[in-house]
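In the two complexes below, chain A is the common chain; its partner is chain B in one and chain C in the other.
Let's turn to the complex of A and B:
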């Protein structure tokens, strides 16, 4: 039997705007997908993964066009089809699951309308049959209350539910091939596990083949039969999952594997090494903060509740938590961009004004922040040199000739050539921009640098290099880093101390080694168990645990009384955890757990 | 369902708040209108007496008309009158302003209404059509044409129309006169050029905004998703794109309908059409303040009502407001 989908020597080219010339994006890639098989396309951004995946539907993204090769689906050449012929195939025989369900569902239409529409426009059975399939699929996707959730509008359900509903939509017309484009990338780690499992079951049950696009090797290990590695629009290698993971043939694949941080060992070995000191550089004391000022004090939406964190001088403090937990808000409060509603920030024992406008230049100089998005944190009209000279002039009153010298030094510090000073930000890659961002923070010679998700917008390999740079800078310069991330593996590999935030409260904080080993706060335990491991079969094991099942049953609720985690907690004590704020249990080395359970119960 | 009830309340609250804001705006407008007519140079006493005005005569007439009392007292009297439907008497003719206004209102509404009735569907259809084929020959020529139309003011368009159809071709009258006994055919001939002028003024911006609103929505990931679901192009535009573009489109329509009201002032004057706008222009010339104030309030009220409608439609069209979490 021939393959369901066969792509031969596919070439796609694209251009930025209608005036610029076309340049190749996919440069002659061949692959095939058999019935009932899951093929993963992996590679960094710009590798051409998504472009190849949607070419199976005869679709070229806006600004792109096919320039060669063929795509044969079930014996028919897709690229030679008319628009109408392609329309008949799309959705009915090949369907698509996009990365961001929140953007890909139409905000004005009810979910059930959008889901059954696929079957309706393709004439697959009656409306009633499509509805039955929808509810049935929703149940199999483990969506809570399937009959009612599908009657809602997209903004009324959570991101993880929406992503699963998108799969329900993709499978409603019973297609032969599913194209999944980074379907779990935008999700939080604890949500990702459930969604991944639901996808895997659904693919298996439907007997459809699938193309799974992702940059995350640990995810690939859970779902794929075969892996196709791409780099810059060309094939690097292809092989069965086990072989690619454990016996890669090509250097690039090995490099990809090496960039994957092993999930933090739950024994606590190998984590941060610096000794805990009593010398606190920043003391965050009982901060309440949020957005929208209320008349007569307080905030409309409170994000941080009574957050207290010590940041020892010369250490790296990791702040971890899921989206919406208040990580970035904490960075904004420390930097003064968002004045706290109550509480204090002490810098070297003296209180910092809560509003950045009230801080002296010297106070500003001592605390610098590096933002998440390198692409939007530069003025496109200024050269890199000008961007770096600005803090030198502003904070240090350095004369022009010395500034230029210093810029060269700063660029060297972040491993960039001195010529970069004359370039403009557009000429730099994301990773290079993030290095300049870091150099700009260093220019002020600060004592503390706040790094807000600085690797999140970067590819794995580039992100790993930035982490290495941060480690080196810390060893060389002794700067204190506050490192905010949703990725526990990254934090664990770099931080001396870890602060775990949940729904705006500190669940647990302490030395990294102690956080990664029992006793755990129940939420820390869930986080640790949710980080995918790069081995086949991990997903099946983890789903058996009680922790994962309970976590799947509920969503985060901010501002509830008692411990905010109690609904998802396997150890919650009814009548206590849901009404009373948890006590803080002190452990050695400043390790603190906020939990109603005795420490002895948390092992 | 309780949820729906709560949603309904939220929506009602938002709409009521908007209506209250509209009422406040109208009140502010009344102040501006009154203040504006107060500072007009010259006064009605002067206008009535003309050349023969002596200071004593002026004083007598002012006293008769109550113009010697402080402005704020006259403002509140006038405002109170507005609420009870008493628009005062024309200073020039002594007839109640409402009697003067009454026969002219339908004429202005007919002119503006006809222009809107033609311009809105035409603009939205053309906008949709060009958005479906961006960059096509049709799209480009309409875009270029519309820029030319936007740049030409109404009086220029009207003058050119008169030159062509009234002076050269002699098909249409240069003066638009209709009465209650006019037949539909006569009304058509009389109003063809005024309506065409108004339509020309608002067609282009509405069309261009519709086009860009639809194009903006079409570049959204949800539309790519619909394409990859195999939804036919027509359905994508009408079912997936249009509901998301409705709020900006309604907004631009409302603003342009309000603009028609402004255009009416120019058009009625040029074509000597006996509507409210011409009454207002004549009123200004005669310093007949009650008439000017009543006309100004009429135009402002219509303007505010259209903007209110736009706001309310935007609220109702937003599913996030209609169905809260």
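Let's turn to the complex of A and C:
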């Protein structure tokens, strides 16, 4: 029997605008997908993963065109179809799940109408049948209360649920082939586990084939039967999942594997090489903060509750938590962009004005912030040189000729050539921009650099390089880093101390080694267990645990009484955890856990 | 390492791809700019000199009164040429005024936000809620209609529209990460305005300038047509249409040529507004193309 989808020597080329010439994006890739099989396409951004995936529907993105090869779906050549013929196939026989479900639903239509629309348009059975299938699929996707959740509007459900509903929509017309384009990349680890599992079950049950596009090898290990590794539009290698993971043949694949940080070991070996010192550079004391000023003090939406964190000089402090936990808010409060509602920030023991406007230039110089999105953190109209010169001029009053020399030095520090000074940010890749972003912070010769999710927008390989750079800069310059991330593996590999935030409160903080070893706060434990491991079968094991099952039940809620984690906590004590704020249990080396349970119970 | 590779240097400046309509629009605007600047040298006669006693004299086809005379026996061609000066000059001055006022206040409101923004924007809403022609009529009948007052009136009315665009642009730019970076650095609001907000707002604002210029021409011409705009003996396109409307009754006696007196000024208004709109459209589609171009990579 021939394969369901067969792609032979596919070539796609694209151009930036109508003036520029076409350049190749996909340079002769061949692959096949059999019925009931999941093929993963893996590679960095720009490798042509998505382009190949959507070519199965005979679709080329705007500015792109097919220049060679053939795509054969169930015996028919897709590229030779007319648009009318393609329409019949798309949605009904091949369907697509995009990376961002939030952007893929129409905000003003109810979910059920959108989900059944595909079946209606393609005339797959009656509306009632489509609705039955929808509820059934929603149940298989483990959505809570399937009959009612589909009657909601997109903004009324969480991101993870929306992503699953997107898959329900894609599968509703019972397609033969599903194209999943990074469907879990935008999700938190805890949510990702659930969504992955739901996808895997649904694909297996429906007997459909799937193309799964991702850059995350650990995710691939859970869902794929075969892996196809791509680099720059060309095939690197292809093989069964087990073989690619354990016996890669090509250097590039090995490099990809090396970039995946091993999940933090739960034995207590963290990065924490630097000894904790008593010399605190920043002391965050009992901060409350949030958005929207209320008349007469206080905030409308409180994000941070009574957050106290010590940042020792020369250390790297990791701040971790799911989205909505207040990580970025903490960085904004320390930098003064968001003045705290109450509490104090001490820099070297003396109070720092809470509003950036009231800080002296010297105070500002000493604390720098690096933003999450490299693409939007530069003024697109200024050159890299101008962006780097401004802090030199502003903080250090450096004359113009010395500034240019210094810019070259700064670029060198972050491993970029000095010619980049004349470039505009648009000409740089994401990783390069993030390096310049760091260089801009370093230009001020600061004592503390706040890094807000600096690797989140980058590919695994590029992100790993940025982490290496941060480590080197810290060794060379002795700068203190506050490193905010939702990725526990990244934090564990870099930070000396870790602060675990949950719903705007500190759940646990302490030296990295102690955070990664028992006793754990139950939330830390959940986070640790949710980091995907790069081996087949991990997903099944983890779903057996009670922790994961409870965690799936709910999303981060801010401002509840008692311990904010109690709804998701497997160890919650009814009548206590949901009513009273948890006590802080001190352990050696400044390790503190906020929990009603005794320390002995947290092992 | 691929991370440190240098992408190709940005390409050199080259002639924009305007297409036929685009170049035609540029041609029309350059032509009118030329006419405005050199009006006294091009125009065969003074605009208010009465050359013949006959109203709507179609002329004899010679160079004398090429396009005939108007209702007072003045040369239509000369009045059109001087009219271009008044119409386009006043509209341009009013648009510049609208932008100085609207952008300054809009940016202040957008950047400061909060109570200041609330008060400024509600006052502005009150003005915006009047149809612009009605507001203009009220202002002109209250303050009179000297050329300066016309510029002030139209400038003010259009400024209320510009304000809204400038304010929302400023609000959007102020929450961009690169502005946050500048704020965290401790830069003054003035520095941020000058270096981050204004340059980023330039393209959308320049597009709006084109549109606003068109609206100003139309508003001025409407006022003149109603007799409240430019006053005789000065000529402007709007009042020329009104003055010479009666010529349409003479078509039967003098032939079609007399209809040029009221129709040509209308055609002139049409040509400028059309050319302007085409260029605005081109500017918009170009910026959209750049955005989608980014996606391809």
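Operating definition for what follows: the second predicted complex is superposed on the first by the 600 of 603 C-alpha atoms of A that agree within 3 Å, B and C clash if a C-alpha of one lies under 4 Å from a C-alpha of the other, contacts with A are read in each partner's own complex, and residues count from 1 in each chain.
Criterion: contacts are C-beta pairs under 8 Å (C-beta built on N, C-alpha and C of every residue); 3 or more make two chains touch, one makes a residue touch a chain.
Here the structure is a predicted model, which is why all the values come from computation and not from measurement.
In the superposition on chain A, A:526 makes contact with neither chain B nor chain C.
When both complexes are overlaid on chain A, the residue A:117 reaches chain B alone and has no touch with chain C.
Looking at the shared chain after the overlay, A:89 reaches chain B, while chain C stays out of its contact range.
In the superposition on chain A, A:431 contacts chain C only, with no contact to chain B.
Set against each other, chain B and chain C touch different numbers of residues in chain A, with C touching more.
Looking at the shared chain after the overlay, A:499 reaches neither chain B nor chain C. Residue contacts after overlaying the shared chain place A:62 against chain B and chain C alike. Contacts of chain A with chain B, set against its contacts with chain C after fitting on chain A, overlap at residues 61-62. For chain A in complex with chain C, the residues that touch the partner chain are 14-19, 46, 61-64, 335-337, 356, 359, 361, 364, 368-369, 371-373, 376-382, 390-391, 394-395, 415-417, 419-420, 423-424, 426-429, 431-432, 435, 440, 444, 462, 465. Chain C makes touch with chain A in their complex at residues 1, 3-4, 6-7, 9-10, 17, 176-178, 180-181, 183-187, 195-196, 199-200, 289-290, 292-297.
Residues 219-222, 224-232, 235, 239-240, 243-244, 317, 319-320, 323-325 of chain B are the ones touching chain A in the complex.
Per the touch definition, chain A reaches chain B in the complex via residues 54, 57, 59, 61-62, 86-92, 95-96, 98, 100, 103-109, 117-118, 121-122, 152-153, 155-156, 169.
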